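Here's the structure, in structure tokens; my notes come after.
Labels run A, B and C following the written order; every chain starts at residue 1.
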Amino acid sequence: MSTLLHPDRLFSANATERDIARALYESISDLPLISPHGHTDPRWFAENENFANASELLVVPDHYVFRMLLSQGLRLEDLGIAPQDGTAESDPRAIWRRFAENYHLFAGTPTRLWLDHTFETLFDLHEPLSRDTADSYFDTINALLAREDYRPRELFERFGIEVIATTESALDDLRWHDQIKDSGWSGRVVTTYRPDAVIDPDFEGFGANLDTFGEITDCDTGTWVGYLDAHRKRRAYFKQRGATATDHGHPTAETANLSPGQAQALFDRVRAGKGGPDDHRLFRAQMLTEMAKISLEDRLVMQIHPGSFRNHSEATFTRFGRDKGFDIPTRTDYVEALRPLLSAAGMDPDFRLIIFTLDESAYSRELAPLAGVYPALRLGPAWWFHDSPEGMRRYRELTTETAGFYNSVGFNDDTRAFPSIPARHDVARRVDSAFLARLVADHRIREDEAFLLIRELSYGLAKKAYRL
Amino acid sequence: MSTLLHPDRLFSANATERDIARALYESISDLPLISPHGHTDPRWFAENENFANASELLVVPDHYVFRMLLSQGLRLEDLGIAPQDGTAESDPRAIWRRFAENYHLFAGTPTRLWLDHTFETLFDLHEPLSRDTADSYFDTINALLAREDYRPRELFERFGIEVIATTESALDDLRWHDQIKDSGWSGRVVTTYRPDAVIDPDFEGFGANLDTFGEITDCDTGTWVGYLDAHRKRRAYFKQRGATATDHGHPTAETANLSPGQAQALFDRVRAGKGGPDDHRLFRAQMLTEMAKISLEDRLVMQIHPGSFRNHSEATFTRFGRDKGFDIPTRTDYVEALRPLLSAAGMDPDFRLIIFTLDESAYSRELAPLAGVYPALRLGPAWWFHDSPEGMRRYRELTTETAGFYNSVGFNDDTRAFPSIPARHDVARRVDSAFLARLVADHRIREDEAFLLIRELSYGLAKKAYRL
Amino acid sequence: MSTLLHPDRLFSANATERDIARALYESISDLPLISPHGHTDPRWFAENENFANASELLVVPDHYVFRMLLSQGLRLEDLGIAPQDGTAESDPRAIWRRFAENYHLFAGTPTRLWLDHTFETLFDLHEPLSRDTADSYFDTINALLAREDYRPRELFERFGIEVIATTESALDDLRWHDQIKDSGWSGRVVTTYRPDAVIDPDFEGFGANLDTFGEITDCDTGTWVGYLDAHRKRRAYFKQRGATATDHGHPTAETANLSPGQAQALFDRVRAGKGGPDDHRLFRAQMLTEMAKISLEDRLVMQIHPGSFRNHSEATFTRFGRDKGFDIPTRTDYVEALRPLLSAAGMDPDFRLIIFTLDESAYSRELAPLAGVYPALRLGPAWWFHDSPEGMRRYRELTTETAGFYNSVGFNDDTRAFPSIPARHDVARRVDSAFLARLVADHRIREDEAFLLIRELSYGLAKKAYRL
């Protein structure tokens, strides 16, 4: 019987390396999943309702999927994504057929690996998805999705998730997290403090956001001191809901460390809506350092995800809104950019800053050298477009020699595509097994070291780095 | 008997991968060559005269060859390249001997692979070129070049070329193309519209070029509207001679999309010779978007080849002129640069923009993410210095996971070195076979997919992308 | 018995490639070491006193070692590095134990390879260093270091060093070099002219340095002409002590070629302490070209090592001073930056400029294309953070296809860690053997070529490039 997944996938074709990789992988493949950074919806786990159907689970919400289809001439409307001025395909079977007919486009992409893994391990499908198998796939998946044991909490347990972090806006009331807690369910779902909406003056509704921020924290966000206090209180609120980390999605990695007087004057300009583009940029930069300083107090781990040019296609943004596949990486500098923040907090081993990049040229040039010396700094894993076999391999090849393994933080699945989570961890564990196997096979590390390391890369480092 | 070419060259040393690669390669090695972008001289095919001798065919005109010899201390004069104020070596045998004596310098370069392929398959030579074999090589090659079946049209057919595109200035009268057509010869040689001389205000004789442009199109190139009409008419003229594409060799990828009034004012300044460097830059940027808009009308495929710093050695440029090996790649940005053009035309699946790079750091960071979402955008293959086994491998490794295979456009030989064309396609087909074999061997794609893909990469995608 | 070093380390796991690599390596593994660029202390060879102990030899002075330990939370003080306002751990055994306990942090780094090589080949140690073996290591190493045959000169001979270059400031009196020469010892230790202290206006004490420079050369360094003469005389002084090269550690690769009048005016401003940051930058740039011009006279080989952001952590710099692991690579441009210097001297085959980079993205984009055409230009090997198996492999993969092997200059160990020198050359020779083996195994070069090339890469090119 044909199967979608080969047991030795992503290992080297060389028998020596493959055998070592297989042994390493088998030693950790059953470890629970630590998912310290992601974007699943906590409401799923709070309400535990069944997912609707294959298309709404796997096609409509997945930007990896629809961006590829769009690139080859399909229309977002035909994939179930409605423009603000119109309607979209409402028949999920029609959407699924379009996707299935074009499944060959994903050859060589991680999306293909993730989906095949989901198809085989979650839905017991074994023939390749294609025009011919579209309907049987659709029916099979829908039938399973309707079952009790395919509801979010049951999947969470089936996937072996030990802990998952979601990401919420600083303005979120975290009701779903409260509901999860109150439900008595044992699954560990924690939140992450994401304050972009109240830090970035270019965010839609920034002024009103700050008003709301003041109301929900009972702080005077009309003043610099009150504004910082609002962050402190809100972070504590998140921490009570399990948060161990903050996350910051800035356009660049720029940080600043102004004097208190300068910072206050900058805040006053920005708060009054009188700041220019340079003020906005500088305010974002300053706030990263402020967040680092508060992390020194409350020990929340800080994550910076810089370097994405958002909504590159204006027409698509106008018609369809955010997150439609048009966020494009840009060149990103770290050495000068991070210096003010690192000068303020980088030498403190109790502070933890995890830095990500979409610019792979910075791995060996800037990020590994920085992470290889600053006590507070750790390197986030290969991210977003680079969360793939080649991307992960390059990450290890380009960072390990300078930063070692212990300045990396294990794997982040970083996804809202819930069923892909086991697949993503599986890919990461296989790629790391293959990488370590190569080091063993050419005698750079010993086999006993590799077994310790694969456990750290698959499980231990993520728990430690995120204080989970 | 020693041979220069091993049948398994460029395949992996791993037996599993090699066997798959060999099978893939054998399935497509006899397919005709599609050469959609190159710089052969149409006069060769129009007149069909024999090439003069080995040195004038293989050494004197090939910048890959003489730049390497120059880098190790040889003089251009001694390689048959005359300075404007002097003379060059006129004995082709002396030139050939200098080249042969230094042939070891090319170890590890693609030039070596191309030349050995030419020596063995075209000239039936089997001993390595060296000082010892220089004369027998020279005599053998010259004897064959004098034969009827080694004339350009006969070589075209021997090489299995289905269609070749040359590149001509917008001011070219395309007489050789007309002569080919009138000759009744069945070989398909098409032109490509290259308007740099009438688009780039820094081009030598730009003002006079625009005058000529007006005369040959009967348009008033003194006005913005007339100038754009001249392009329209000239593109139609090229299209009648088979052109399916335009080509643009700008220093950067910058595009602009000014209002009609701004564009006209800019044209007026530039046309009057009153534009400064920023005007020149902006005019080039604006004209890329204008060309895209006209492509929406006439459906010519648009190619942008940015990022080369031309004539880096002033002394060499002054003495020897252009194209003497001193064009050096520079860092090139695409995300901001292409946005105006992509906003104007990038969402139209009927528009086709093929983008190239000399800055490999942009592959995974910018180009694959852009090509993986914009319907109009395709990625040109590894280009110029990167048209090599390692360069092509990196291209696939760095672009496939995000853009897939179907947003690439097959192979361009991009050469004026006519006899190297089969060798270049052979290298590309082998490297792609080896790449696909690796994906099969580590179970990322199925073998049946790989056979479909190698056919697309070797033949199908180029035809489709260039509408040939 | 367990050993730290496998005879096939760093060769491919593929048997075909490994067997070729092994044969190549064995053909050159006994060749003497050419060390044309490094930072050992000539005083060691002049006085030939025993090294103190394991910690002072291998931990305290090695920034690769202590930066990694620092990154994981250890304090410099606890590693024997004293702050300016305090004291450090004075017990070398305590330092050694801290290092040994954390030796696992170095898995996958070149430091680990170098140290294990030193432990096994120099100190006859065969069990992995760890908390358990810390004391026996410490005692064994110290006992050997106390022996006559472990003194610097005896190690020099044991290591098979044919010639080593040290690096001295232009202001150094070279007394240790004189003492070595006078001693009658046959070891060849040459100096290198490093004039940063009298070229970089931002160097501590620049003005006073120029006064001293005038005194020791008997030139009037108050004038531009006198200042240049001082360089000429000082270079001649270094040349008498064996120097064949100069070395320049600038923040960028920027060069300039001002008119004599402009240069003199710039010098006058800078000399008078009236130059701003742009003047300082321009003066450094101009001086690179001046050094090139003088190299045309005295034939000293010129080396430029650009692109390091020095002392990134201000706090560490203030407390501990320079060279504490906080020099971080930055993005570096070469195409525009080197053009003035290359215009002045780059076409002269008698001039030799060796250029290094910490920005690997420049290898294929800028440096290989430049080195592949300019007669004067050669590419320095993978440097500093990239002096590692993966770094060296990338260097060859990214430069060879465009620049060939003969525009590279062999290996530089670039170290002050004397016992690591054989290990570093061994790694380089193995990585190059493996790289050539891959080219042979996939039939890009012939085996007989590979044997010639490995000899050049391991020995010949360095001697020729540095005129040693």
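In this section, a contact is a pair of C-beta atoms (placed from the backbone, for glycine too) under 8 Å apart; a residue touches a chain by one contact, two chains touch by 3 or more.
Model, not experiment: these values are computed from the prediction.
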item	value
Touching chain A and also chain B, the following chains	C
Chain copies touching (chain B, chain C) - same or different residues, decided at half shared	different
Rotation, 0 to 180 degrees and nearest 5, that superposes chain A on copy chain C via CA atoms	120
Intercentroid distance (Cα basis), chain C paired with chain B, Å	40
Multi-partner residues of chain B (each touching 2 or more other chains)	12, 14, 361
In the complex with chain C, residue positions of chain B that touch it	5-6, 8-14, 67-68, 70-73, 104-110, 112-113, 128, 309, 312-316, 325-326, 328-331, 358-361, 385-386, 388-391
Touching residues on chain A, where the partner in the complex is chain C	12, 14, 16-17, 333, 335-336, 339, 342-343, 346-347, 349, 361, 364-366, 368-375, 377, 397-398, 400-407, 438-439, 441-446, 449, 452-453
